[in-house]
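The two complexes that follow have chain A in common; it is paired with chain B in the first and with chain C in the second.
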Partner chain A sequence: MSSEPNADRESLQRNDTVVRTERLYGWAIAASALLTILVTVGIVLALLGEALTFWSAVSPLSFFTGTKWSPIIDGEYGLLPLVSGTLIVTVGSALIALPTGLAAALYLSEYASERTRSVLKPALEILAGVPTVIYGYMALVYITPLFQGILPVSIRLIPPGLEPLPAFTLVIPSLQTFNVLSASIVVGIMIIPMVSSISEDALRSVPDELRAAAYGLGSTKYDVSTKVVVPAATSGIVASFVLALSRAIGETMAVTMAMGMSPQLPYFPNVFRNLAESSQTMTGAMVQIASADSLGGVTYEAMFALGLTLFLITLSMNVAAELVRRRFREVYQ
Partner chain B sequence: MAVDGDTDRTLSVDSRGRLWGLHATLFEAGLFGATLFGIVSLCILFGYIAFDAFQPLTASIRWYLLIAGTLILPTAAGTLYARRQPAVRAANAKAFGVVGGALVAALCTYIVVDALSPYDVALVLLFGGYLPAVFTLLVRRTNRTTQLGPTAILSVGGGLAIAHGGYDLLRPIVGTAAQWIAYFAIVTLPVAFGLWIVGRRRWTRQTARRAVLAVIVSVLLLVVLALGLGIDPSFWVVLLSVGAIPVAVVIGEIVVLDPAGRLGAAGPFVLIGCLSVFLAVERQLGLEGPDGYLTTTLLLESWHGLDASSAGVYPQIVGSIVIVGVMGVLAFPVGIGAALYLEEYAQRSGWRGRVATLLEVNISNLAGVPSVVYGLLGLALFRNALGFPTGIVLSAAGTLGLLILPIVVVSAQEALRSVPDSLREAAVGMGASRWQTLRTVVLPEALPGMLTGTILALARAIGETAPLVIIAVATTKYSPPDGILSSATVLPLQIFAARSNVDPAFRHGIVPAAAVVLLVLLLLMNTTAIVVRNRFDRRSQQ
Partner chain C sequence: MSNQESTQTVHETAETSERPESIQTPRAPAIEAHDLSVTYGSETALESVDIQIPDRQITAIIGPSGCGKSTFLRCINRMNDRIDAAAVSGALSFKGRNIYDEHVDPVALRRRIGMVFQHPNPFPKSIYDNVAYGLRIQGITSEIDARVKLALERAALYEEVSDSLEKSALDLSGGQQQRLCIARAIAVDPDVLLMDEPASALDPIATAKIEDLIAELSEEYTVVIVTHNMQQAARISDRTAVFLTGGELVEYDDTETIFENPEHDRVEDYITGKFG
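Entry: the complex of A and B
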């Protein structure tokens, strides 16, 4: 830091204070980077510690294969009803979000003008920015009554004397106050941007040469979009689907508020009943335990076991999405 | 993006081709419909909420006519006029931005300081802010500028330690001053100092000095006036210092320096005038406005579980702002530090390179961890390991801070990446060390981008509920938090807690109104982020 033009080699060296200060800042910055690793370590340790205590009281086998979840009343810790509730709401929201999100991505990347895109893309992002507690409230207070007004109509289609033939009649029962359908709808709406923005990135990164070549062979825009661009971007699209599903699995407030608190195993063969009745997800069960008056004991530790299961599921899905994206990405020179 | 493919029309005009054309049109329409599906559904749901919160059908037609005549018509006319004149439009946007921003800032400052007790805030600011600043300035005089950074950090830390250790001794001394003096120290002095910094750069030294003097004198005059009238001057000191002075500066600059846009600067004041005309006429004619639930009671009172007409969410609003603010203070430096390490310090090869890759992968995985799991981490960390009482501001803010850390890091990384390498090379070429390059060249350039990302992360955190339920934050509280160690609740938790209340006045009234308040807070934060980003974009284009 010398200002002398003819300074010798000695004075060109930074003085010790500067070097030491530099090192101090370097360490401080490295420490804050290290903190992000510590968060992960903290999550794993916190979950594992309490979960292991839980599994020493309740055997892991009965936890993972038990068919009844009733921690507070009966002390039954069977995970399967919660997994079923989580899966049903995830599938329901995927039915809404995956096609819609992919179509939106295709529209934004291939069809929309630059101007339309600049309006629609931020508008889609808003869907993910609305607090989930508001989504849950909307599902409970506005969407459920809306469907309750429609659905009893279809229930009158079944004549009362024909019980032996239930498989041939389409039974859509009336909705309970808490139901899976409304939760699936709001979760589906809130994960649309997840699908659309990641898929759109994948679609837009398909090089224009491929499109030009297809047009040169006489393809229409429809052909180019569906037969060239989408197949070329499959890895990114699949990754976006997996990430969106992982988000739906971890979603908490909307499903807690809209689905109620009665864990159920799935109904067969009447699948619509699964949507119409109340159920509970893993996240919902965690919220229920946490809002119970007393925190402590086996039930409290069960919350951590649930959290660990949830963490491992979403982590493996996120890793899988990343692997799919890397492994099957078409590389264009 | 795509190559235009419609030229094949001329090649095939037979019926089959036409059928294909129809097919393609339907496909495109379907895609467009799918894009709109989510947006339209959300708009309908928002419509339901707004309808319940405002109850627009309860107002008379004449009231709507009045509102159209006094508010909507002038606004529409102004907008139409401004659209044709770019200078007016720019000045108009700037004026509305500063008036709205300053009003919101003044209100937030007042309610937060009022909740935390002005004397405590003044004490912390005195020892953690003013004395370190004076000390650092003294060190600066001694020509050892390289020690400035550590000196500042150490003196702030030392000052805070003194304030904490000597609280019992110092608090009564500070408490003897009048309340407005505390507010003067908290609000007016920093504003005057900021004006001095900005003014010295934009105008001459002398003008800046005069402006600072004018600020202090006008605030003191206001205090004398209020004391003379027998009103408590505290709120008005905050309103004048935070609300009016930035407005005066910005509007004054437009009027003096931008003759073409001068008319646009009048926009917000015309609107305020229209509003007062509207209120006066409404009262004069005795017109009934809508009997909605978004009232001053809702904004200023505390919760009442049985009587909808006296239920309010003031403690929840203050709790949300305080928790999110503390969270920002905790998460911003760490997030920026991690981003600086990854972008500026990390090496790409060897074991350190592997550590950097691990950090990157880890951060992207943390962003995908469900928010309930962060609640469990917060529970284990703050309640079980550190032994904090349940539901205090610090543990709530810490938990949410861990949750938004990946978002802050990723956005700060993007901001750092957008700083061109030529700037870094120029600084290094002039002999600056790595930290000097960062501090003087890279950070100022990247700061707006980092702020944008952080504000968006704060907006995400203000709606977050699940982790707070897990760490057992109280759902209903009747007073705002009075320190970072006191318990608090937030707006989304109150909405969650009120879901089981089936009284229509709550279910289709108070709760939707609280949701509107939450959405407005979100909207304000997102607007701030967009304004910061736009300013940044404009500067980097020049």
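Entry: the complex of A and C
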């Protein structure tokens, strides 16, 4: 071919059609990226607008420090009971999901054979695909009755025979039909796949050379897993924790179904009551307002103030996760 | 020429370095293989190897890529256990005990037989914690500071890092990282040090430091070093084993003999660079 100089020159000729289609593709892709940003900005602006209207009617101070949430009946807009409900469910689900999810990730990454892993990992990810309404249903129909069969339990802390001492008894009350415990358990189960999946990716990306080094020094598998692999994967593990917690905070359907709609400030000193009784989360309160078909008005606008607050909480958690990820990220050669 | 002198002159003398005469009075072997074979599935990596590795000397293992030299090294501390497909047959003993006996715990074995790898692989922890790691997993709690310092000194790294023990090991240069890995391996005071091409990822200056260090370490440890670099084997080792393709140990003798008057033509061809 090179014997024909004309053909060579032809082959170098720029094809304007190709250049134009390339440019078109570039624009189309950029537009898609832009759309997601515009939607996010739009949501924030919409939330902000209505929330500001709300805060002109109800002072932000009484919103953020109020201890009673009863928007429809009493017109009380105190956020604290909802924050309490949200926090208790989040902490409860974290107690279940973080250890279990990390342990599952360690098993998949360090202990399971390739074959076991190829079955288990997709199975865990299916758990993440179960619609949350089903989890709510499970809480109501199975988990709450299960605990109602066991509870109430009272435990004497001071054994009989030491009579001069008061017989301190610990009473774990029975569960109401709607209760925080079941909600925490199902939300915990729901976010396990998030923890295990992201953590497992982080654990597996730890270079095998580090495992070899640790084994070469006479480490057991448990030493290698806990003292070398987990610390080396800290950034990814923490990121998985924070993302899972964001999800728990934002979870709506299952918690509303499982724990009802009775906003509560935390009980002291019998903390078990907090789990045994009904409560309400910020998301639950928003659902309640949205389904009370009172479009317009202060109560309706309160929903946006709640939404904005919720958004700011999860946003700051995601930012925190990113900071942690950068702080602990190790650069391997 | 004593080991100590050879340490100081190792660069200038390079290939012409003569090995100590002490070889003529061999000690009891630290590691002994008899009819040792390793297969990965249907592939033979090591073919009926017989070798006696002397105590407190440097034994170099050389040979072309894929000749089974790393496989042999990884048999000695049972790192091959990590590869499911690897099957070992024959006998391999450490101080008279069969390493592959079912009652031998590979974890305990590896505490006696340390390993340094081809690429420096410090943990993403501080310099101090890297060296202390092996002590801690063995439950040693006394004098950690002193043991860490001693290990760093013996690895000729202490002076460079004494002010920055809490800094991340990943901030060190490649050569420093490799000396840190050596410090980490000797901190737990093993009997044997296995080195798998420990200088192949380093520049010439860092390589020279590692070679000096290995020569010094052989006073206290049995060193088995796999290397691609024949000059390196000639410079630092007392004994040299030549593996050729197919996982066969073709010749094993004093380093001087191997490099100056090998018995097998194939070994001579390999050493003079006719293949490999």
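Here, the second predicted complex is superposed on the first by the 288 of 333 C-alpha atoms of A that agree within 3 Å, B and C clash if a C-alpha of one lies under 4 Å from a C-alpha of the other, contacts with A are read in each partner's own complex, and residues count from 1 in each chain.
Definition applied: contacts are C-beta pairs under 8 Å (C-beta built on N, C-alpha and C of every residue); 3 or more make two chains touch, one makes a residue touch a chain.
Everything quoted here is computed from the prediction, not taken from an experiment.
**Q** Based on the superposed arrangement, let me know which partner A:Pro207 touches: chain B (first), chain C (second), both, or neither?
**A** Only chain C is touched by A:Pro207; chain B is not.
**Q** Name the contact category of A:Glu50: first (chain B only), second (chain C only), both, or neither.
**A** First partner only.
**Q** If we overlay the two complexes on their shared chain A, which of chain B and chain C does A:Pro145 touch? Say first, second, both or neither.
**A** neither
**Q** Specify the partner with more touching residues on chain A, choosing between chain B and chain C.
**A** B
**Q** In the overlaid three-chain picture, which partner chain does A:Leu127 touch, first (chain B) or second (chain C), both, or neither?
**A** first
**Q** Of the two partner chains, chain B (first) and chain C (second), which one does A:Ala232 touch, if any: first, second, both, or neither?
**A** The answer is second: A:Ala232 touches chain C but not chain B.
**Q** With the two structures laid over each other on chain A, which partner does A:Ile37 touch: chain B (first), chain C (second), both, or neither?
**A** first
**Q** Which partner does A:Tyr215 contact after superposing on A: first (chain B), second (chain C), both, neither?
**A** A:Tyr215 sits against chain B and chain C alike.
**Q** Looking at chain A, which of its residues have contacts with both chain B and chain C?
**A** Correct list for chain A: 212, 215, 218-220.
**Q** Which residues of chain B touch chain A in the complex?
**A** Residue positions touching the partner: 1-3, 5-6, 8, 11, 20, 23-24, 27-28, 30-32, 34-39, 41-42, 45, 48-49, 144, 146-147, 149-150, 333-338, 340-342, 345-346, 358-359, 362-366, 368-377, 379-381, 402, 405-406, 409, 431, 433-435, 459-460, 462-466, 469-472, 475, 492-493, 495-496, 499, 507-508, 511-512, 515, 518-519, 522, 526.
**Q** Under the stated contact criterion, what part of chain A meets chain B in this complex?
**A** My answer: residues 1, 14-15, 17-18, 21-22, 24-26, 28-33, 35-37, 39-40, 42-43, 45-47, 49-50, 99-100, 103-104, 106-112, 120, 123-124, 126-127, 129-134, 136-138, 140-143, 189, 192-193, 196, 204, 208, 211-212, 215, 218-222, 224-225, 229, 243, 246-247, 249-253, 257, 283, 286-287, 290-291, 295, 303-304, 307, 310-311, 314-315, 318-319, 322.
**Q** Please name which positions on chain A make contact with chain C in the complex.
**A** 207, 209-210, 212-220, 223, 227-228, 231-232, 330-333
**Q** Considering the complex alone, what residue numbers of chain C touch chain A?
**A** 77, 79, 82, 107-111, 114-115, 117, 119-125, 133-134, 136-138, 168, 170, 174, 181, 184-185, 188
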